[in-house]
Amino acid sequence: MRPIDTRIIRTIQETPSTRTFFFDVSFDDAQPGQFVMVWARGVDEVPMTLSYINAITVQKVGDCTSHIVALSEGDSLGIRGPLGNGFTMPEKDERILFVAGGVGSAPLAPLADRATSIGASVVSVLGARNSDELIFEERFSQAGEVYVTTDDGSSGRCGFVTDQLLDMDVAMFDHIYVCGPEIMMYKVFENLRDKQVHGRAEFSLHRYFKCGIGVCGACCMDPTGLRVCKDGPVFNGLQLESSEFGKYKRSACGQKISI
Amino acid sequence: MRPIDTRIIRTIQETPSTRTFFFDVSFDDAQPGQFVMVWARGVDEVPMTLSYINAITVQKVGDCTSHIVALSEGDSLGIRGPLGNGFTMPEKDERILFVAGGVGSAPLAPLADRATSIGASVVSVLGARNSDELIFEERFSQAGEVYVTTDDGSSGRCGFVTDQLLDMDVAMFDHIYVCGPEIMMYKVFENLRDKQVHGRAEFSLHRYFKCGIGVCGACCMDPTGLRVCKDGPVFNGLQLESSEFGKYKRSACGQKISI
Amino acid sequence: MVNVTGLDLKNPTILAAGIMGTTGAAMIRMVKAGAGAVVTKSIGPEPKIGHSNPSMIQLDCGYINAMGLPNPSYADFVDEIRIVKEAVDVPVIASIFGGDATEFVQVAEGLGSADPDAFELNVSCPHADGYGATIGSDPALVEDITRTVRDAVDVPVWVKLTPNVTDIVDIGKAAQRGGADAVVAINTVRAMAIDVASGYPILGNRFGGLSGAAIRPIAVKCIYDLYQALDIPIIGVGGVSTWQDSVELIMAGASAVQIGSAVVDSPYVFRHVSNGIERYLDEKDHAGIEDIIGIAHEMI
Amino acid sequence: MVNVTGLDLKNPTILAAGIMGTTGAAMIRMVKAGAGAVVTKSIGPEPKIGHSNPSMIQLDCGYINAMGLPNPSYADFVDEIRIVKEAVDVPVIASIFGGDATEFVQVAEGLGSADPDAFELNVSCPHADGYGATIGSDPALVEDITRTVRDAVDVPVWVKLTPNVTDIVDIGKAAQRGGADAVVAINTVRAMAIDVASGYPILGNRFGGLSGAAIRPIAVKCIYDLYQALDIPIIGVGGVSTWQDSVELIMAGASAVQIGSAVVDSPYVFRHVSNGIERYLDEKDHAGIEDIIGIAHEMI
């Protein structure tokens, strides 16, 4: 598909560096965890999770995201999607654990909304650098109990999400959904693997995307060759065993970069 | 569409110069009056009406038809279709007149079958050079009364279909369907127009087809520019008023040829 | 109203050469269905029946054809042009071909009495030995033929280009040097389809030209490159079936667009496309099509 | 089993260059999904990040891409080839590019320690200034580079051709004169797409190459023409996604087919296509693919 011309109809400053952009186009078929390719014309095109059925939540990290976060109501973007595979849908009466780090809560929040609406039993662990950087806390609160950890202790527990996990019986959950910086996700993965419950966990991965549709191979994982853009971005913990996950990723030219 | 590879599973010698070829492919959506482009590989591709849902009836007139009539069971042809617009479907209790000349009965016969099955009231006038050249007489008999005319009187009335029409009250029919040599169709057209019932009549026309799908313009009628291959081959009598019909057609290079 | 090379087009959509252009009546029908101008079938010095059938088939992407320039010759066609000219008030452009400059002039002059509003030189048909692209791949021949026709007639001369060359800009520049008033891009792309059941090439001529949606991205690139290099207008053609398609060609640099294969479904494609362009210009507050011709070049 | 230039392919389907060929793991996956051989991403002398995004989009007909030859350089890539070679028993062909003969040889030699089974020279990428088609449109350069690489390595050398030339046969003959063991046809067709909402060319590089179903008829014609003119085998590529598509290329003259864009839906396209070819050969009582290579030329 060609990029769809999408107009920004509302923005919310979520944190000092992160804004949510609501569009006049709604991706009604999108599953939580699916992403779109967001084209800032004349700049670049980058992958972004749908944080609502009609919105993305963008953290400013470089060129393209700086351009995007500076946009206002009425501005437009070119959007291709929804792409990739989302999370496995939880069912009523299932027990769910969300583990989010920073803007990693973006793909999980719509799933939390879904969990709320079906009445699943939810616990969330949200980590952030500081209290300002917490995103979508209310959406997780609506769904169930929320534990917050911050690096500086400005909100919730001082420490990392993994600290919180160590205090919990992760084996009691039917599904564990994880998104955040890879180093954090990998720590969570190790924790869950130690308890042999990583098969119940799904991780939303980030890799450098070029085509975004599963052709070029830029985003392939070692050693399976699974494409993050097409076979992912959501993977089950078992798929990530003995993989590059947590160890390295690839730059735009294909060179390995340590995580 | 590309030509569909179609195998001949049965043939019937209808007359000394005409054979019907049944295919292993059935054009179930085809309406009576629609045609297919028949590709004799290495020779030529020519238009042929579907005389059954899975058959064509071919009269040998030149290169390509000579090649086709020489084919046997097991041989194959490339078929594109069904193409064009067929006849208006008659309804139960309607009174129908068929007027066919020679192999012109091919597009009308499936309509006669249809009329039989819905129980319409049918009269048919079949013309041919001689009794040997009569085609599908039984299919029309099944549908209702049949009048036969032959040029040499070897069967039925000696004379032309128009002679028979003059003896009939054509105004009593709801639909009049006509196919045959253009000179004969035009005579029928004049007859019906004189009685102001040509608006109830439909004629299946022949013109030289190149593309067969309505792009090239080779088959266009004057002065409307209607495409016989796409807007036809079936036209209502009113559409043919003051047209080239009965006067001239075009050769493969576009020059006018008198009828 | 759109002005291209001095001709007033009713709207920016033009019937492409070789499509519904064999008879005056067919062209009149296209005008009634909304064409802002019409180009005739390519006409040559002698009657030509063209290649044997199949001469056009629809593929999963686009169409492939090898008509082989069937035409009744200028002597027989001049009346068809007269018929259109009398019936409609849009420009009628005569597409002509020949084996050399002399034949081109012979045809142009032979059709002259019917007063065509312009000539389009077909130096781009990919499946006519000795004609079309055989000539149109050679800048010197293109320049020579363009100049000779240009000198012989007093209406605009458009030169239709083939994309089947290493650099279409070379050929476009040759046409411009020869005095072309506009170039038309693109003719069909050399192509072939084989029947896998039998191994036979499907077209009677074995190979032919690809048209329709498959070639639009190729046309866009050719038009973009020509716009950057030429001073004369470009008329875009290739795979247009919606107003969006036409706007894409215009943004690449086309001053008007021709529509060919897309008449397959309905001649009203002209009306739909031109209405769509108008709506788009309105919505975007553009005064006219000039505002968007070639704007892709400024979007950096 | 199919033998092409001395390489034993498990089946006639080959992963095309630049598709899922950036990592050893991805290529191994393609082999497991049925590829009879794999071609790597085109590798050059220096790391290259390629053009900015969007670098590939799906159109209504086919795909358009301008990756810009992103690659980690031969020095970093040699290990990826080693990984594939160790894991699978199908030929691994290294696609390489450079700005001149010396660079080509530098890359070929740099990858040599991983023992690629053949080299495919990319002189055909349409959107890499100074590389690819810039070189591949010039018969003299193609001949020179082919000969120089041919002399420097002791495995087969395939030369991948661009269709964006007036006559692909000229380039194919140049490759043959230079000692190519096979030619690969075709690389993508120069093309462009413009966003009508904004006027921006969609690709980061503004233009790129068309692939997928849109170009298959173009590939068929190129292969057909090359088969008529060359003595070396032709490997077909362009728009194959079904076994019928592959048989069409084979009947035109291809000894094997590469598959690129069609992995979009599933890597198992290799298995489906090769199984389909086998079924077809069985049904038609052919002993092997040799029976149908180029048979379109005999069907008259």
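A, B, C and D label the chains in the order they appear, each numbered from 1.
Just so we're on the same page, contacts are C-beta pairs under 8 Å (C-beta built on N, C-alpha and C of every residue); 3 or more make two chains touch, one makes a residue touch a chain.
Predicted, not measured: the structure shown is a model, and the values here were computed from it.
In terms of the stated touch criterion, the partners common to chain B and chain C are D, listed by label. Touch-path distance (fewest steps) from chain A to chain B is 2. More C-beta pairs in contact connect the chains of A-D than those of the other pair, out of A-C and A-D. When chain centres are set by their Cα atoms, the one at the greatest distance from chain A is B.
Chain geometry summary: the mean Cα position of chain B and that of chain D are 51 Å apart. Between chain A and chain D, the centres computed from C-alpha atoms are 36 Å apart. Work out the mean CA point of chain C and of chain D, and you get 33 Å between them.
Of all residues in chain B, those touching 2 or more other chains are 41-42, listed in ascending order.
Residue numbers of chain D whose C-beta contacts span two or more other chains: 59, 193, 198, 200, 299.
Under the stated contact rule, the graph of chain-to-chain touches falls outside the line, ring, star and complete shapes. Checking each pair of chains for touch leaves A-C, A-D, B-C, B-D, C-D. Within the complex, the chain B residues that touch chain C are 1-3, 5, 37, 39, 41-42, 44-46, 76, 78, 80, 209-218, 220-227, 230, 250-255. In the complex of the two chains, the chain D residues touching chain C come out as 59-62, 64, 137, 164-166, 189-194, 196, 198-201, 207, 210, 212-218, 220-221, 224, 239, 244, 247-248, 251-252, 280, 292, 295-296, 298-299. Contact residues on chain A toward chain C in their complex (touch as defined above): 41-42. Only residues 18-30, 41, 47-50, 52-59, 63, 65, 67, 70-73, 76-77, 193, 195, 197-198, 200, 202, 204, 260-261, 263-265 of chain D touch chain A when the two sit together in their complex. The touching residues of chain C, counted against chain A in their complex, run 299-300.
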